[in-house]
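Right, I'll just put the structure down here and ask away after.
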Amino acid sequence: MKKLINNPDNVVEEMIEGYVKAHASSVKMLENKRSIVSTKPTIENKVGILIGGGSGHEPAFLGYIGEGMADGVAVGNIFASPPPSPILETTKAIDKGAGVVYLYGNYAGDVMNFGMAADLADMEGITVKSALTSDDVASAPLDEKEKRRGIAGEFFVFKTAGAAADKGYDIDGVVRIAELTNDNTRSMGVGLSPCYLPQTGEPSFELEDDEMELGLGHHGEPGIKKVPLGTADEVADELMTRIMDELAIEDEEVAVLVNGLGSTPQMDLYILFRRVEQILSEKGIKIYRSYVGDYITSLEMGGASITITKLNDELKELIDHPVDCPAFTQK
Amino acid sequence: MKKLINNPDNVVEEMIEGYVKAHASSVKMLENKRSIVSTKPTIENKVGILIGGGSGHEPAFLGYIGEGMADGVAVGNIFASPPPSPILETTKAIDKGAGVVYLYGNYAGDVMNFGMAADLADMEGITVKSALTSDDVASAPLDEKEKRRGIAGEFFVFKTAGAAADKGYDIDGVVRIAELTNDNTRSMGVGLSPCYLPQTGEPSFELEDDEMELGLGHHGEPGIKKVPLGTADEVADELMTRIMDELAIEDEEVAVLVNGLGSTPQMDLYILFRRVEQILSEKGIKIYRSYVGDYITSLEMGGASITITKLNDELKELIDHPVDCPAFTQK
Amino acid sequence: MNLNADHLTRYLKTVVEKIEEEKNYLSELDRKLGDGDHGVTMSIGFNAVNKKLDELTDEKKVKTVLTSAGMSFLDAVGSSVGPLYASGFIKAGNALGDKEELTDEDIFSLWTSFVDGVEHRSGAKVGDKTILDTLIPFRESLKETSDSDGIVERFSKAVKAGKSGMEETENMQSNIGRSSRLGERSIGTKDPGATSAYLIIQTFLSYIESL
Amino acid sequence: MNLNADHLTRYLKTVVEKIEEEKNYLSELDRKLGDGDHGVTMSIGFNAVNKKLDELTDEKKVKTVLTSAGMSFLDAVGSSVGPLYASGFIKAGNALGDKEELTDEDIFSLWTSFVDGVEHRSGAKVGDKTILDTLIPFRESLKETSDSDGIVERFSKAVKAGKSGMEETENMQSNIGRSSRLGERSIGTKDPGATSAYLIIQTFLSYIESL
């Protein structure tokens, strides 16, 4: 493991410090140092959007604070949900009387910590509602969708729910959009090479030179199985088959995200995208918007995931809504 | 070498195909398939900005086509300058009567190919001027600055010259800005792990587990020397000393770019940035704008570079100018 | 046996050491089943507990030691085990009122409440391949024995039951948490949480044996 | 000796094969000194030449074969060697006017012009650790001998001179191109471009020897 870090125990604190200095006009840190919020005064009566989860997924989550996306983030340790207290502090800081929506991936740790924070916020008189992302088709069968984890599809949930809040939707409206987006979203990934937790220095998984992990989780969790490394086209075909099987698309257009896990060159991502576009176009499905790049990563993991979201007119409008975050700007 | 590609001989073509499909509303490909230009009609009498170089540096260069940056790109093979003909075709497509400025890094291959293209354009009656970037302090002593290569500092040259063209500067004005930016810019990097050319599958260099390459080039070229892997703070100190030694800063503010080479987690980049900010702040130097991320990469190379640009009022205004490119948007 | 706040502090500090020794093993188990951070998380959490205990050297109420330990663990780690173990420690503390000296009966309710607290937060049941596979058999064994068996003997039996439960997780298919998506691939590795839970109770047994 | 367009085509096709055989070696040299692509670039370039030659089977003018080869090489690769070798081929072709049969004297001017073309584009000089370290001694040797020595003998001497030049690049410090920033670290490895240039002239010698 080779990293450009100092003491492995301090990586999260030092990253946040650097982040807040680099984007001082956009974000600020609360006293607890794990709650990051927008410097832009939140519009009165706008529903607050709080996103979060473990570190190691940069630019997620703290890169998505800004107009049109999140108002605040609670930052956990690497691959570990933040505890309730920074979630609560962030909640208090961003609530403008219209309540706060928690958007996070469906992981046991996040469910418990965000759940506890929501209870605490409730005790302080702040309305909190939560919407979980569960887009990874490889993580459980369809009839157990409530068990599925969230991976890169979270980006689209942040995007549409963030836009809805920005456009003045009330808290139930924002939750409805987040849930609709999650319902319409499917993702799946492959892992080619592991990441290394700074504190252990060990590879998150082991693969032979000619193997890849099909259905890998965003924290190095094993997926469905190890299979021989395929070509980009074969990988896209395999992932797209499993994704499209579950999305009953008629005339709807889709949003596509080809997400790199950390060390995959953009060249490879665009080669994957090329095949995704071919597959959709063969099916007569129109791509409304495409995103290709490192949106939610796993440190230096090698691999990529494909996400498809089915869009109705409302979601299209929300996907088009402008965004201005340090990690992502859309005009 | 593990890559998500198809035939290694086709990576550049397939990447471009994917890129153009993914960003069809922003860019289009000319018939030769190696000239990519903006879909937005260039303003009449705006100086055309043509950038380019080899592939493998994504999001550079084709990600920087758009308002406020480049009008067109000529795409070379991996780590190889494009030949004159796609440069010429791009030139013809983007010239709006005010001439075209070529912006590229100071590499023998680029100098020859862009030079030949400029001669050909001249024969067709198009005014072409060129400005080369030579920001890498590790690549030659200061008294041989004309030998230095361009690395991540190119981003700031594209940014300011692109803004100047957008603001209506004439061709000499754009060249002046590009040259001023280059004169005011210094960069240096370290390499931690190699990249792999798809066609050879071989690592671009070899390092022990506890070594890094100091002053590494953006194509895996060896740098100054191999040294023991340092902490993020030590690396930032070393690079900043060499960079700041050459920039006589009095009251000027600076722009900072901490650039990842491909597989370096953003976490590490922000930890590096943290130290850069400390160093500048100890010297009483104010950071005007910061950029942290993968701006000009070398496939999956591990490592990072630091770039500092000294800003006068004119450059500040140009750095602030909005940009809307697939790979980079600034409001 | 009588235990006071100071005893509990010393016991918890032994857990800190134990976790430090076993953290690589815990992370290794978690690399096979989850995201590889269980040892890291337990270490961060118990180091925070340790720091908190150093601020509480004059504290007399056992409850305060336990709930503070729980809260500092939670605040330091979040994660899955943060809420789980924190809920355990907080419920354990709350079961003790303002007591400064714990009788055998208090020690019994400290630990059954600890398990209740974890169980309440968890939503898992025995056989799901979690912390509870250690803790529930441990609690049930405590309940099956009585004061007359002697406290050390009671805990010795209970920890043995917890140990079997922990060992059985090796052959279980995970039903909850991160590893639940592995299906059959989760069989063959001990559950990291069940293992850290065993360290916690086993260390308690060693500690009272040493008194 | 008389060479026509067909001979030149066959010679160039032998270069295609030779480059294919040596491409890994050329890239390996370039990994040590530059960006590791020299073999890849030469292979892409000569494959493009090969494709072009297949379109030109009925071509009679040697000039067309050479300039088309140069242009297709350039268009396929860009890079540093694209303009260099292309300028060589184009200048070589232009030196031949509309000839369909080359005499010994024409072959001499083909190759001296080839080197002139590369040199003109290059800006480098002997000792800079480039292609020219092979090509200039090769050209100078050609000039020092005369027609009366016999064409094969003349080229044999010249290629030997080119070979020494190429070998000497191993001990040179690079002054130009990508490797020039290595300073002393550039010493100890043969220059990739000098090596590919040697393959080009050496293959020509073998070809005329085989006639």
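Order of writing sets the chain letters: A, B, C and D. Residues in each chain are counted from 1.
Note that in this section a residue touches a chain if its C-beta (ideal position, glycine included) is under 8 Å from a C-beta of that chain, and two chains touch if they have at least 3 such contacts.
What you are looking at is a predicted structure, and each value in this text was computed from that prediction instead of being measured.
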Without subunit B present, chains still joined through touching come out as A, C | D
Subunit B and subunit C have mean C-alpha positions lying a whole-number Å distance apart equal to 54
So, in whole Å, the Cα centroid of subunit A is separated from that of subunit B by 29
Note: subunit D sits from subunit C at a C-alpha centroid distance in Å of 75
Listed by label, touching pairs are A-B, A-C, B-D
In their shared complex, subunit C is touched by residues of subunit A numbered 9, 54, 76-85, 107-109, 112-113, 116, 136, 138-140, 147-149, 197, 199-200, 202, 204-205, 217, 219-222, 225
The residues of subunit C that touch subunit A in their complex are 24, 27-28, 31-37, 39-41, 43-44, 74-84, 121, 176-182, 185
In their shared complex, subunit B is touched by residues of subunit A numbered 2-6, 11, 14-19, 21-23, 55-56, 58-59, 63, 190, 192-193, 195, 209, 212, 229, 231-233, 235, 256, 262-274, 277, 287, 290, 292-294, 297, 299-300, 302-304, 324, 327, 329-331
